[in-house]
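Notes follow once the structure below has been shown.
A, B, C and D label the chains in the order they appear, each numbered from 1.
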Amino acid sequence: MSVQAGHVVSLTVNGSPATRTVEPRLLLSDFLRHELGLTGTHVGCEHGVCGACTVLLDGEAVRSCLLFAVQADGHAVETVEGLAAGGELHPIQAAFHETHALQCGFCTPGFLMTLVPYLREHPTPTEQEIREALSGNLCRCTGYKNIVDAVALAARRGAAAGRQGAEAAPARRAGSGAARRGAA
Amino acid sequence: MIVQGEYTFPGTREAIWELLLDPAVIARTMPGTEEMVRVAPDRYEGRMRVGVGAITAAEFTVSVQLADVVPPERYTMQIDGRGRFGFTRGTAQVRLAADGAGTVMRFEADLQVGGKIAAVGQRLLDSVSKLMTRQGLESLSKEVNRRLASADPGSRSPNPGSLP
Amino acid sequence: MSARWLGERVPRLEDTKLLTGRALFTDDVDLPGMLHAAFLRSDDAHGVLRSVDVEAARRRPGVVAVWTAADLGEYWKPGPALVPPPPIAGLVFNSATQVPLAREKVRHVGEPLALVVAVSRYVAEDALDDIVVDVEPLLAVTDLEAALAPGAPRVHEALGGNVAARARQSKGDYAAARGRAHKVIARRFRYDRGAAAAIENRGVVAAWDAKTEELTVWDTTQAPIPIRNGLAAMLGLGESQVRVVAPFIGGGFGPKIMMFYPEEVLIPWAAMRLGRPVKWIEDRQENFYATTQERLQIHDAELAVAKDGTILGVKDRFLFDTGAYDPYGLTIPINSQCTLLGPYAVPNYDSEFTAVFTNRPIVTPVRGAGRQHGVFVMERLLDLAAKELGMDRVEIRRRNFLPPDAFPHDHQILFQDFAPLTYDSGDYGPAMDRAVDAIGYERFLREEQPALRRAGRHVGLGIVSYIEGTGIGPYEGARVTIEPSGSVRVATGVGTQGQGHFTTFAQLVSDVLGMDPSKVQVITGDTREFGWGTGTFASRGAVVAGNAVHEAAIRVRKKVLKLASEVLGVDAGELFLECGSVHVKGAPERSLRLGDLARKANPLRGGVAPGTEPGLEATAYFGPERGNAANGVHAMIVEVDPETCEVRIRRYVVVHDCGTVINPTVVEGQVQGGVAMGIGNAFYEQLVWDENGQLMNASFMDYLLPTALDVPAVEMRHTVTPSPLNPLGAKGVGEAGAIPAAAAFAQAVEDALEGEIEVLEIPLSPNRLFDLLGSRSRP
Amino acid sequence: MKPPVFDYFRPASVDEALALLAEHGADAKALAGGQSLVPAMNFRLAQPAALVDLNGLDELAGIGDGPAALRLGAMTRHCAVERSAVVAKRAPLLTETMPYVAHPQIRNRGTVGGSLAHADPAAELPAVMVASSARFLLRSRSGERWIDAERFFTGLFATALEPGELVTAVEVPTLAPRTGWAFEEMSRRHGDYALVGVACLVTLDAAGRCAAARIALLSVGEGPVLAPSATAALAGVQPTADALRAAAEAVNADIDPPSDIHASAAFRRRLATVLTRRALTRAVERIATSAS
């Protein structure tokens, strides 16, 4: 079907369903920010380099400025607003706070959303591995050191609490399913 | 951006000269040219569409002003192309020299590129200009051979034209 | 007053909002009926603007308005000259300030030509493609030396040439010193342009309320109060009718204090004209042209030294690229001129700069603001001198440090704040000792480097000193209020862009009023909350605003003690503040909650003594007589692969002295972040302009910000020599990390390549190293 | 930086996708991972009238282990290739290369087929496929055909794809015995466009002489560039350090690198020889270690 304007998008965002009618060209980043009012996802370059707009699509970290909202139809999106369940900071958020891993805080949501799935899949990363995992997110304030420290701290605690599994949201399982389908 | 080269055509200088300034030939041989009209003895105007890969072939309006014309030896072109993605402008000098049965064309263009093309496309400028130059020369050489063939069905050119 | 919180590593109070996506940034502002703006920008760097045809754009569905310069009428005015020239004898200054929309002429790529307002940014950008511009190209002015040649094309016809300014400052007699010199080291140094590249681009949202006749503007500015004052004047409104809010700002680094950007002038005007809120959010591509930049300078400098390495004098002649306009005056080149002297005794100095108009975007301070140029030139000259004299690099620096008893030290030239360049305090030897110790200087040169070289590795060390003039005036202010709830509100005029002011200011108040910082709510950057001040720049927030906050808290404390002594019937001297209450010494059970005291201070009935001010509230201002001098030493170890010309930074040590430290975690964060920017400037970041004034890398694909893989963890040490110029003894720190990084990097790379090359320009790149090494690095 | 208007189609099958592409002709573009196309659209440099979204087509995704070759569906994401144990076993050169492809977030969306069809001269996968003697399955409404990677890439962002034709699968042949592999790349920052990259396979005979070699480079021409001169220099020789150095130098005859602001043609030539030497050296070392 050709759909210039008025394309219906139904998806779940942070676990709750949302349906909107949008132009095909509407970027997912703008959809989340301006259609759904989830302004925690930030836009820094709109060409896929800075990583500030990183969100989870079916559990995988993606650049929301390089996806059209219509592509998220039928999928699950998670944003920074979904991290602090019941007002309690997610372990990665808490670690960022404790290690002073943010200054202006503009790039921070993108870092957090990159790290949530990363730490699930790599519970005990080395410093070099952490830096590689962060290489797709630009920060202009911190010089990265404290962000690397935050990831290491969260990993230590996660390993201690053995809570990687506990964090797996239903959307995540869908995502890893998609990845496994690829590997099957 | 400097684009320069040398190309040897079969045929006399006069023949090549006539060919190079024929708007129909320019339209056929300049990559992406959709239309080229000789609006004055020393001025051409037309439209080109140039794109590469995922980059949409954007329309450029092009004007070419001839200067310093010394047939059949040399001429200078003032090139001005503008489009949605930016502009290309500059001068190109063309010199023809007899070389046995053939003619050597030496050209040097000093081109400015501006707007989005320059701002975002710098990584590809060199490759694209090389590509367009090569394509232009190859189709020009085809054109030369076609003309020679039609002019004198008896003789096929021994030298189909060669890049140095 | 206990100093329980001053100097503590208090976790930041602003973090939670930022970590959970609840912090309000300018682009998050969403108002009913809001329209969206986009600007058409010039593709040409220099040309005669023949026409801008917007008819098709106006006809496009969804477009509400399109304006060109011609449509602005009386409102079209060049911007204000922000910083007047300092009183330097013989100074030349030609002012040419930016315009809202180009008229008659375009002077740099990206200069705005038309403003489109539409129902969405998408439609507004569609309309930009409908606009037809006719520009007759002119030769672009891009080369600083060619620009000064007779007959060169002019950026501004009205001016005699392309000279924006020329200023000479000198002391002593350099020529005589040169005559006495054992060696004279002379070189040409070049330091090229980069972008501040805050991850948040700029943005302005404006709303006019016709009923209350109030204009509200959300602006990504570092200086909300001057913006309010300027807008009120431009729009013919009273200052109280204009509210400027600088909400959370996604990084500033200098360019967000340029005043006024065309967008800041036009978006509020458009909102009033249309009677609807209008939002403009700069995109990344625009940011590369529309936001100001630094920092091309070319220095021809020479150093006259005695046989023992003593500096006899320095001569410097330099060119400074100010871009197409010069609203910011001479701040940057004067910083360069002053900072070059560093921590050294320089008896004879002769420095003259020429600021040059070019067809490139406007240059205004970016983190460091010209200081790095001075440091680069001086430190490179000292390295070259040490080599010529066969001296140790550290030794030649130690030999020339100002001694601890030299303070205050007057350099006999003027600084950017127009006050004499006078160092307030400092002790440079110990800072160098700590750096030498931390990097393992001796061991590296004697053992590690030779061993690695034998193994075919190319490792090198760089170690440099610097001074940063910080904390300049004129002033900042703050109001501290104890609320009946018992919580404390602090309002100040400075904007904040991630420096942790919400926490450090709370710490200052907590000590004075005896309460937990978490009970202190800091409000910055909202002109309705506090209407006096200048802004956040020149590493001055903590120094100038911090001292104002501190003084205001002290005044509130006095009110607390006075009222409490009346209520409790004891002498004020018998009282102490703790845990949000006033207690009586020896009888702590006799206490009053500050909140209750605040209520008593605002009675609903009955009379009060004449002269009584209601409430527990005080406002204070602080203005230093002049800036203070933070200092430090950076040392790094690099490894170079001469085949691929890649450079890896193995270690990075910073010894830093910013006087009294309010929050070490915040200070270290500022330094680490500054170092990252300095490394970017040294090896990754360069705005590449062709000879026609076209920017060849206007995207994050080609403009290379360092990533987590490129920036090392900085090992930090502090020394503390408090400033006598303010009660807290604080000095600035915001820009420190960025300033000496390039000089240290250049020295380290030279050392790694065993002196095969001289690094006289920044930024370096693998390709540049390849060119410098030439045939000396066959694979 | 907002994309221009376009029509959006989400076909339910490959046949429907092919029909849509045929119907809309040159104005339509297939949307795979979109990690190169969408940025170009945000810059408004790419302005396709219609996008045919292939992301719903599971029949195009998947990694299959065949007797003679590894098979990758065109819509297999980079991250799936990167994580796949099968790929690591059957096409280790590919596994070694994946981390060089942009950044994790990009690899979570980017697809094998999309990267090959885009044919960026600086992209890693085209060069690796050429070095691996892979072949691609192309499908249009008029049927299917196989084409060798080497013949698929025809120039600057140019491929043998006909209008209305899609890459649907890739086959990477199993490595011969005594074959070593290596990928080397230099970029300004990890994940940036390569200044130069080299992918190579080296096979030694029982006597330890070089029996076969495939060397393909990226960012040194209009597309992935095979290095026949370098390969010839290796034929039948013992892979000594000198022999590998000579072969690496020979690469210069095979490339015509472009200049850009990050690397001049001369610097790229330098990098090509250095990285080729390093890649060949590691490939040969691998054979030694796997043999022992």
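Definition applied: contacts are C-beta pairs under 8 Å (C-beta built on N, C-alpha and C of every residue); 3 or more make two chains touch, one makes a residue touch a chain.
Bear in mind the structure is a predicted one, so any value in this text is a computation, not a measurement.
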Central chain (distance from its CA mean to the mean of all protein CA atoms): C
Label of the chain whose CA centroid is most distant from the centroid of chain A: B
Chain pair showing more contacts of the two, A-D and B-D: A-D
Chain A-chain D separation of Cα centroids, rounded to whole Å: 28
Euclidean distance of C-alpha centroids - chain B vs chain D, Å: 33
Averaged-CA centre spacing for the pair chain D and chain C, given as whole angstrom: 44
Chain centre separation in whole Å, for chain B relative to chain A (CA means): 51
Sites on chain B at which at least two other chains make contact: 84, 116, 120, 122-123
Where chain A touches two or more other chains, by residue: 23, 25, 46-47, 132, 135
Multi-partner residues of chain D (each touching 2 or more other chains): 1-5, 43-44, 189-191, 193, 261-262
Overall pattern in which the protein chains touch one another (line/ring/star/complete/other): other
Every chain pair in contact, whichever chains are involved: A-C, A-D, B-C, B-D, C-D
Contact set on chain B toward chain C in their complex: 84, 86-87, 89, 112-116, 118-120, 122-123
Residues on chain D engaged by chain C in the complex (per definition of touch): 1-5, 43-44, 186, 188-193, 195, 248, 261-264, 266-267, 270-271, 273-275, 277
Touching residues (chain side chain A, partner chain D) in the complex: 1-4, 7, 23-25, 27, 30, 46-48, 51, 54, 57, 60-63, 65-68, 70-71, 73, 114, 118, 132-133, 135-136, 179, 181-184
In the complex with chain C, residue positions of chain A that touch it: 23, 25-26, 33-34, 37-47, 49-50, 52, 79-81, 83-84, 89, 93, 96-98, 100, 102-109, 112, 130-132, 134-135, 137-148
Chain C to chain B touching residues, read off their complex: 43-45, 109, 129, 137, 285, 288, 688, 690, 692, 694-699, 701-702
